[in-house]
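Next up: some structures, all given as structure tokens.
Two complexes come next, and they have one chain in common, chain A, joined by chain B in the first and chain C in the second.
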Partner chain A sequence: MTAQQLDMTFSALSDPTRRAILARLATGEATVTELAAPFAMSLPAISKHLKVLERAGLILRGRDAQRRPCRLQAAPLGDAAAWLGDYRQFWEESFDRLDTYLQELQEGEEEDGRK
Partner chain B sequence: MTAQQLDMTFSALSDPTRRAILARLATGEATVTELAAPFAMSLPAISKHLKVLERAGLILRGRDAQRRPCRLQAAPLGDAAAWLGDYRQFWEESFDRLDTYLQELQEGEEEDGRK
Partner chain C sequence: MAASSHTLTVTTPSDREIVMTRTFDAPRELVFEAMTKPEHMKEWWGPRGYTLPVCEIDLRPGGAYRFVSADAEGNEYAFRGEYREIVPPEKIVWTFEFEGMPGNVSVDTMTLTEEDGKTTITSTSLFDDVEQRDGMLASGMETGAVETYDRLAELLEKLQTSTS
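After this line comes the complex of A and B, so read on.
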């Protein structure tokens, strides 16, 4: 996995339509028309998103010229998750701090309630 | 976590300099000058990257007007990892397929070697 591949993966994931397309493809392959159906978007606009996903290696297009169904290719998601995994201790610490803060807040309110 | 927050997190992560800045901050807080040192980049260019990271909630800048040290805020990385986690079965399958393929390739070569 190169830095450039990570750039393309994270960039591809930074759009809600592209994330929704991946979520749809997680349920099975689909044609462009099928993918476009839930979105208020033109076919060319969807095709543009598919090109970004394809360049990032996140989808594969079938060779059948008529349908060209899209299929999820999840390996780059695993690479992105591995990169994020290096920071696990940091986000777990920050969630712990939030838990402690919320607990203190609640205890303070209970304390106030008893006064 | 909103879709817009995920957009900003993934977008912030789609640049190698910004990922390197986060990696540096994982070792402790640092000033802009300290962060800029390893890069062949101007202070304004680094500051621009820091603004992207700050808007994404990935760093916090100190209030000390002179130094304004930057600190890692890892919670959004946890949210991004949680999103990716939904696809774990898919990338594990694709890694398994790659393993099988490589194993078959190796067995084929050994077979050829024996001929």
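After this line comes the complex of A and C, so read on.
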């Protein structure tokens, strides 16, 4: 995954309506009308959000001209989570090691002091 | 010893920042030294099981650094940047870039505060879009990429529960 794709994913996820849409799609495919139902928002406004999600590769639109149901595509989400997870894990583990190392350094100093 | 203070806290106070804090049972001078000298860095920098075969540090404003972290299989992950500000033993400001994601540069400010012999590192990563002006990268970051961390985790949890 390129940095640009990752940014599109994050950008798409930065909006609460779009996150709600994805959460809804996690339970199964839905039409624009179905997706719009819980929101006080016009269909064109919802369609705009769907376009952003589609461009980010997070959803697929069906070919059926009438219904065009939306389906979740979870792969980019996994990539985004992996990247963030790596970042956190990287620092978590580095700092754990630093903690241990600092203890070792200080124990070494105490021993040197006793000599 | 409060175990909670020894855990890493990650917060996202604004669209462009990631703030991490972590407390250590050591005086500030020692922590600063451990963060700035290659012989010390090699002992801790990188996830568990990784070594640091390359650790070049030119510790002065404008000086470059480069670290290469390697796993047991020999896969290497390189990081590079430049020191912007060094105030021993209180503060280090550097640019940070993972060479695997070139152009995605953050400016990290690491402050060290000491209380009762314990030192807290607060690292603030500010994602800079100057080098990314021409690309989607900048717009992606500006529209709040990083703040979604917690919500993304929530969402993924939801997704996993619903598909399992």
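Just so it is clear, the second predicted complex is superposed on the first by the 88 of 115 C-alpha atoms of A that agree within 3 Å, B and C clash if a C-alpha of one lies under 4 Å from a C-alpha of the other, contacts with A are read in each partner's own complex, and residues count from 1 in each chain.
The rule is simple: a residue touches a chain if its C-beta (ideal position, glycine included) is under 8 Å from a C-beta of that chain, and two chains touch if they have at least 3 such contacts.
Just so it is clear, the structure is predicted and the values come from calculations on it, not from any experiment.
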Q) Now for A:E92: first (chain B), second (chain C), both, or neither, which partner does it touch? A) both
Q: Applying the touch criterion given at the start, work out whether A:L43 contacts chain B, chain C, both or neither, answering first, second, both or neither.
A: neither
Q: State whether A:A75 touches chain B only (first), chain C only (second), both chains, or neither.
A: first
(Q) On the A-aligned overlay, A:F10 touches which partner chain: chain B = first, chain C = second, or both, or neither? (A) both
Q | Which superposed partner A:T27 touches (first chain B, second chain C, both, neither) | A | second
Q: Could you look at A:Y101 and tell me whether it touches chain B, chain C, both or neither (first, second, both, neither)?
A: second
Q: Once the two structures are superposed, pull the chain A residues common to the chain B and chain C interfaces.
A: 3, 6-8, 10-11, 13-14, 19, 22-23, 26, 72, 74, 77, 80-81, 84, 87-88, 90-95, 98
Q | Touching residues on chain B, where the partner in the complex is chain A | A | 3, 6-11, 13-16, 19, 22-23, 26, 72-75, 77-78, 80-81, 83-88, 90-95, 98
Q: Quick one: which bits of chain A touch chain C in the complex? Just the residue numbers, please.
A: 3-4, 6-8, 10-11, 13-14, 19, 22-23, 26-27, 72, 74, 77, 80-81, 84, 87-103, 105-106
Q. If you look only at chain C, which of its residues touch chain A in the complex?
A. 6, 8, 10, 15, 18, 20, 22, 24-26, 30-31, 34-35, 40, 43-48, 101-104, 121, 123, 135-137, 139-141, 143-149, 151-153, 155-156, 158-159, 162-163
